[in-house]
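Letters A, B, C, D, E and F name the chains as they come in the text, with residue numbers starting at 1 for each one.
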Amino acid sequence: MTVFHVSEIVDALQGVRQQWRELQRRALEPGGRDLPAREALAEVVETLKGVLFPMRLGPPDLRQESENFYVGHALDAALHALLAQARLELRYKARHAEADHREIDARALAAVRAFSQRLPVIRGLLDSDVLAAFNGDPAAGSVDEVLLCYPGVLAMIHHRLAHELYRLGLPLLARIISELAHAATGIDIHPGAQIGSAFFIDHGTGVVIGETAIIGERVRVYQAVTLGAKRFPRDAAGNLEKGLPRHPIVEDEVVIYAGATILGRVTLGRGAVIGGNVWLTESVPAGAHITQAISRHEVRAPAHERPGTAAPDAIATGAA
Amino acid sequence: MTVFHVSEIVDALQGVRQQWRELQRRALEPGGRDLPAREALAEVVETLKGVLFPMRLGPPDLRQESENFYVGHALDAALHALLAQARLELRYKARHAEADHREIDARALAAVRAFSQRLPVIRGLLDSDVLAAFNGDPAAGSVDEVLLCYPGVLAMIHHRLAHELYRLGLPLLARIISELAHAATGIDIHPGAQIGSAFFIDHGTGVVIGETAIIGERVRVYQAVTLGAKRFPRDAAGNLEKGLPRHPIVEDEVVIYAGATILGRVTLGRGAVIGGNVWLTESVPAGAHITQAISRHEVRAPAHERPGTAAPDAIATGAA
Amino acid sequence: MTVFHVSEIVDALQGVRQQWRELQRRALEPGGRDLPAREALAEVVETLKGVLFPMRLGPPDLRQESENFYVGHALDAALHALLAQARLELRYKARHAEADHREIDARALAAVRAFSQRLPVIRGLLDSDVLAAFNGDPAAGSVDEVLLCYPGVLAMIHHRLAHELYRLGLPLLARIISELAHAATGIDIHPGAQIGSAFFIDHGTGVVIGETAIIGERVRVYQAVTLGAKRFPRDAAGNLEKGLPRHPIVEDEVVIYAGATILGRVTLGRGAVIGGNVWLTESVPAGAHITQAISRHEVRAPAHERPGTAAPDAIATGAA
Amino acid sequence: MTVFHVSEIVDALQGVRQQWRELQRRALEPGGRDLPAREALAEVVETLKGVLFPMRLGPPDLRQESENFYVGHALDAALHALLAQARLELRYKARHAEADHREIDARALAAVRAFSQRLPVIRGLLDSDVLAAFNGDPAAGSVDEVLLCYPGVLAMIHHRLAHELYRLGLPLLARIISELAHAATGIDIHPGAQIGSAFFIDHGTGVVIGETAIIGERVRVYQAVTLGAKRFPRDAAGNLEKGLPRHPIVEDEVVIYAGATILGRVTLGRGAVIGGNVWLTESVPAGAHITQAISRHEVRAPAHERPGTAAPDAIATGAA
Amino acid sequence: MTVFHVSEIVDALQGVRQQWRELQRRALEPGGRDLPAREALAEVVETLKGVLFPMRLGPPDLRQESENFYVGHALDAALHALLAQARLELRYKARHAEADHREIDARALAAVRAFSQRLPVIRGLLDSDVLAAFNGDPAAGSVDEVLLCYPGVLAMIHHRLAHELYRLGLPLLARIISELAHAATGIDIHPGAQIGSAFFIDHGTGVVIGETAIIGERVRVYQAVTLGAKRFPRDAAGNLEKGLPRHPIVEDEVVIYAGATILGRVTLGRGAVIGGNVWLTESVPAGAHITQAISRHEVRAPAHERPGTAAPDAIATGAA
Amino acid sequence: MTVFHVSEIVDALQGVRQQWRELQRRALEPGGRDLPAREALAEVVETLKGVLFPMRLGPPDLRQESENFYVGHALDAALHALLAQARLELRYKARHAEADHREIDARALAAVRAFSQRLPVIRGLLDSDVLAAFNGDPAAGSVDEVLLCYPGVLAMIHHRLAHELYRLGLPLLARIISELAHAATGIDIHPGAQIGSAFFIDHGTGVVIGETAIIGERVRVYQAVTLGAKRFPRDAAGNLEKGLPRHPIVEDEVVIYAGATILGRVTLGRGAVIGGNVWLTESVPAGAHITQAISRHEVRAPAHERPGTAAPDAIATGAA
């Protein structure tokens, strides 16, 4: 007698897969996995971090006098690995058509080449982000501390790489790279978002920035800020319309404090300041300061509630 | 002379452990660790992901024509590893009683067997979750992208596995599996929560769903939504009463937008829509649309505040 | 012909690095990395967790009768590894001055020695945190479950270690250790914050606690609570003034429910209860219960919106 | 100033590589490594060992009731990995010709398919080898001990796999697999050697068996036995003639004791016994017992030589 | 169509396994692997090396002032791991009988306990071996070099550990440990061999020492020395008689030079010196010097043979 | 009660270590390991193999067009790692003297610098070795096969690196590197041996070449050849005299067949051929062919001995 009924479960699982594949109209044909791999992209990004900041994010035993050797070797390896993933995405996208693999591969190569040539510009933008964090946070001790510790900077490294791939027609690779940062930092920036130089996200957990958001230069946002969509228009057939501009435009030098929610294709004018927890679905003029109306509290007389031995009627928002 | 006073610190630490053990009334008896292990469960879940979605989350070199071999082998290994952890939980729970190890092990086996037979159903539910995400998000390019990238889907894979274990009397294993997803996604679903098919969490960071929550079919929630308890009743002796229904019931096809907080055993009727940031402690009828009353902003005249050179009286919610 | 123009990109990247180094006035001198390493500190913390809780967070094959051997060996290794990192931080800080390496190394040793002697006290504080979580959460099954599963406890282990290092003049090491916990839990506690015993954070995602916050004993907070600064004063030259007290003081036995935001150097008096989502920039007296004024909802007539086939004008806060 | 003159050495090494490539008439063309990889083949063999002996050389957590799942999954993975290496060998061999990659890949597939179908026969032969060792060695405690411990059995697993690949036109893969065993055991069997069932090599270090050797059934050899070539004929142009039969034929049930050297295309008749250290370049009839003529020793009078304080004229063969 | 006929091969392999199990009269019953594991024992030995020589073979970051902590922790871990393997061996040995697991486990514990108490003696013996190597080899620069580099010393560490296990009734564990050294050094010492202190093997490749060999103190041997059996007596039933003394006795201070072969239960008297390549099947008196009789060479007139362009009739012993 | 008496054994082991340290007159002072590390050197050699043969022994994903980047980066890393080991050796050697660390470190740097500049010459010599193997072995299919598979080539890569270190005053590093090859190939070449270009060792197991051996160009040797010392002269005080020339001189184009033993400071003249198993302690003239005198066999009448059922009086040299 067997311990588990493995064979029966295997058969049942095959049945469910079969249903799914029929639903998705997938042919059951021999062959391996045809999707880009999260692990492979994680390694590419890890290597590119070292390429961009060799002495601070590269291998610990690197020495300044041989930086270029390392950068060249690591760059070449990362680009070839990225090229392999790019091919997978483009072939996957073309899987239902009569695909010309040679043509697809040429497109993948062109995209990765273009990506590679943007790296110096990306490094320059990231330098501006690091400086913005250093200048904007009284707790920052040095630019190196910022690069090593700040989750907002990590999210921007991923975003600036992902955004290039998104622009170059590789949205799936871009999305995976964004989600790697989301998992590590709690900051969820869609790779489509356009973000100017010297962008600083402090603390960052819970920040969400949507696909068509446009952010100017020297903008600063705090944790739990949402730059989201207000509604999802659908076409006549009831399908979501894709690609429409639906997220905010944030002009230069705007500051958005923690927990603020800005929804829809509104514009925050240059230098505007949006206070914490503000809920905003309209544009605001340049230089405006928006703060939440004084929230009304009810203050009750002191009770004898104490943590651990709380009175039975304590008001709780915890989920426990 | 030694560099550090290691021996003294070792003794002092032993002293604190001794105090703790006395406080907890633990016997100092020889023996190894008697608790389930986070790492072991992480590996079990990793393997079960491959069992459930072999061609997308299984080993990269897998080929469709030999899926079943892989599924059978991996399933058997995962179930035996899970069985070992289940034994640890049940023995731990029974540690103060006169425990009959044979009887405990039989219960562990029965639970893991029952768990194993639910896997095909779990796969079916997860397929419905993947489709819900694909249909609900204009940015989703394909069902495969959803499975690979969406943190909400990852959280649901963990939850649907953890919920079975919770139901089968293994709440500690369930909790560890839930917390693995919480750490990776910022989504905190208690394994006790009952969730219907085609559930979609977008973005997800900060979502909290409590132990006795009941969620219907085709429900959609966004980041930072809380389905929490309003109060923690205590019994006559002042101890927290456990297991009482204290979290919301969410009926089919409800949508809850980002940052909304629903507290207590209230019911959101079928098809209700709860707007962003809404704070709700009462039931709402089917089909209702609840939106935050227009929040009052104060708009001040433009100032010359700029990030990095902010005016001294800028209102900030950052913690820096 | 080469596949990628690696040499050109390497040169361009060198150019950007050169610009940065000039901007930062860094000499190009041969030598290796001179910064503390995140990976090394992660390993130190991992080992110290085993030192503090050998039978629960130490190696799985450890047995109680030889705990002390393990604790002594692991402690010695962790302290020497920490000492190496401490030297790196102090030398880095002194990099622009005429530094006397021997004097710096002596300071590093003194700091790590003092740190090591605080470990028994830290263990005692953490025991109180574990008990607070167990007593404060109706879902907690045992103190061991709390230690294994609760992200709030993980964050406090990191914080209590990091806070000692911060106090001892090693703020960069402290910050890296805090950010490791932030990445794993979504809880962002600045290592400067002073936190009394029996502190409990439930769920935790999105919690932010600032550098000069002071928290008493037996305090409890829930997810997404911010204890932040209200404004960043600047000096005559326009530079941020550092180190000023700018975050709240929270007295003993205060409870702060999810999403509440407390800003500035205000005081929450002993036993106060702050309700969910409250926005607070003023002090409250001991024992007060602050709750959000009843938020006004607009309730519209039922519509036929359904997830996946939503009506075109659905109000959404998702960023998709 | 740099620590090492890395750039100069890099240039000089490039110069030497250039010379070599010119000597070998290799074009300098972009592209990756085009050779089979030792590590990849080591993994293939490791997996095939588990396929052949799942409960003894497979994964430690395997259970008998799900052997077939494991065998199927591992076999499929190993064959695809082997196929990739087979393509590399065949493309490499054809590198100077106008190669039709499709035709080459078809040949690789045919070879690996044929190989795969021989695995049951190989397992049967290896069973006979294990039994031969168990029956031939008074120190063997069980057949399982033999499979786990005996280097001669390890060498035969490698040889029987390598010999099939050699036969199927993949001599380079075969050679790499043989050398892996050589490194692990000191037993050097050329993959071309034909070896009958129930072959037993005891101790094994220093055994060398040449490419055209033919060995019957139930043969036994001891350490340091050589079955070698006597001369290497050359053709008119002075090149070594390849493939000529030049190693011994050993008929059924022959025993060859340690250190014996048999050279050239001689035949050891059925059941012959060759004594230790015998040097043999002629055929011997069936059933013959060949022993070294009594070796003449010179016995000198006792001296007072002692290890560690040896007399100055000690006769030594050590190389120290 | 599938690439390989995996299912057919899986079935065929199952058939062969079935035949083998019938031949071996093994029941097909569910269950895991019941044999000691080479990898587990390799790790035990690796740890014990660090226990025996903490500052030279222990972890690189160990410091002398905390040696004892390391030794205690590592020893405890190694002994428990060894105990698990000992149980496997004893249960395996008893697999055909009505086994009382509790009694078997008690025997395993007793054996490992006895083993553990021999470790200080073993360390003392190994110190004598290290000194013997240092004193006996003009090329040895220091005792530390000897311990780090000499394969003969590595083989003796394994042997002295394995011999204890052999004596304590765990011959399979002992054998596996011996074979690990054989693979690493080419030195094949049966764990049954009794070897006195200050034993030195130089170079070592090809040395074979049999199960019942007895070696005195301060003995020295060189590469390719065999201390073997001359004949394998069989009992009336034709089975090999096991355990009979059949290998040489080597008295104190004997030296045996490279390639010498000593066979059978002969005695080499105290202080005897056996020259290189000597073949010996008789006892020799104390103090005797045995050298090979002058070997007769044939010297032919010089030829014009050259490596790489050798004349066709070159005499070769290579197997190529 | 504890399972093992760990504390007692720890104390006893400390006692033995104490005895050893007193015997070796070692002070018990705090501090870490002061010896070069085998693992570190193994990694250095592994990297240098890639530096020397980037496309064949370097990383599998390397491409020819970026070889130099890899070579430069890997070389720099390997040299710094080697420098650290060189410092350890020189400081260790000077441990009893009043050591000036700065002066020692300068010597280490000078040695590693000189070593680095020899690498192009070493690569050239190794190319000649590869060609010699290809030309000398009828079984060699290509020069790449030779580099990938031949243990003799592996041994020479290690030797040519080790010999440079030996020459530069780092004999311990050299020895460790040699022993790494010895373990992998069974070929034991002392790093002091001087070996000319185009040296070929076939099969190799059991080859031993002593410290003061001098080998010319285009020499070929087979398995189990010894170039050893005949006697170890001692000085008046009875100590071994070190460094005296005591191993053979082998002139250009000599061939030495398997198992031959050449002892003492004899000279094998240019082009000499030494037959298999020859035992030689005298010089031979250029061009001479030395073969073993015809060995006398005794041929007995056929018996009925068979492996597995051997007659009781079979002559055996196996050690079983």
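We take it that a contact is a pair of C-beta atoms (placed from the backbone, for glycine too) under 8 Å apart; a residue touches a chain by one contact, two chains touch by 3 or more.
Everything numeric in this text was worked out from a predicted model, so none of it was measured.
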item: Between the pairs B-E and C-E, the one where more C-beta pairs touch; value: C-E
item: Size of the rotation, in steps of 5 degrees, that lays the CA trace of chain A over chain B; value: 120
item: Interface copy of D-F among A-F, B-E or A-C, judged by whether over half of the contact pairs recur; value: A-C
item: Remotest chain, chain A as reference, centres from CA atoms; value: E
item: Whole-Å gap separating chain A and chain D, where each centre is the average of the chain's CA atoms; value: 53
item: Computed distance of Cα centres, chain E from chain D, in Å; value: 22
item: Chain A-chain E separation of Cα centroids, rounded to whole Å; value: 58
item: Chain C: positions in contact with at least two other chains; value: 2-3, 6, 10, 30, 32, 61-63, 65-66, 68-69, 71-72, 75-76, 80, 137-139, 186, 188, 190, 203, 205-206, 208, 211, 223-224, 226, 228, 232, 258-259, 261, 263, 276-277, 292, 309-310, 314-320
item: Complex interface listing, chain D residues touching chain F; value: 3-10, 12-17, 19-20, 23-24, 28-33, 35-38, 92, 132, 135-139, 171-172, 175-176, 179, 182-183, 186, 188, 190, 192, 198, 200, 202-203, 205-206, 208, 211, 218-220, 222-224, 226, 228, 232, 240-242, 253, 255, 257-259, 261, 263, 271-273, 275-280, 284-293, 309-320
item: Chain F residues touching chain A - in the complex, by the definition given at the top; value: 59, 61-63, 65-66, 68-77, 80-81
item: Contact footprint of chain B on chain C as seen in their complex; value: 51-52, 54-56, 60-65, 67-68, 71-72, 75-76, 79-80, 83, 109, 112-113, 116-117, 119-120, 123-124, 127, 137-139, 141-145, 148-151, 184-186, 188, 190, 203, 205-206, 208-211, 213, 223-224, 226-234, 238, 247, 258-259, 261, 263, 276-277, 292, 295-310, 314-320
item: Chain F contact footprint on chain C (complex, rising order); value: 2-3, 6, 10, 32, 63, 65-66, 69, 80
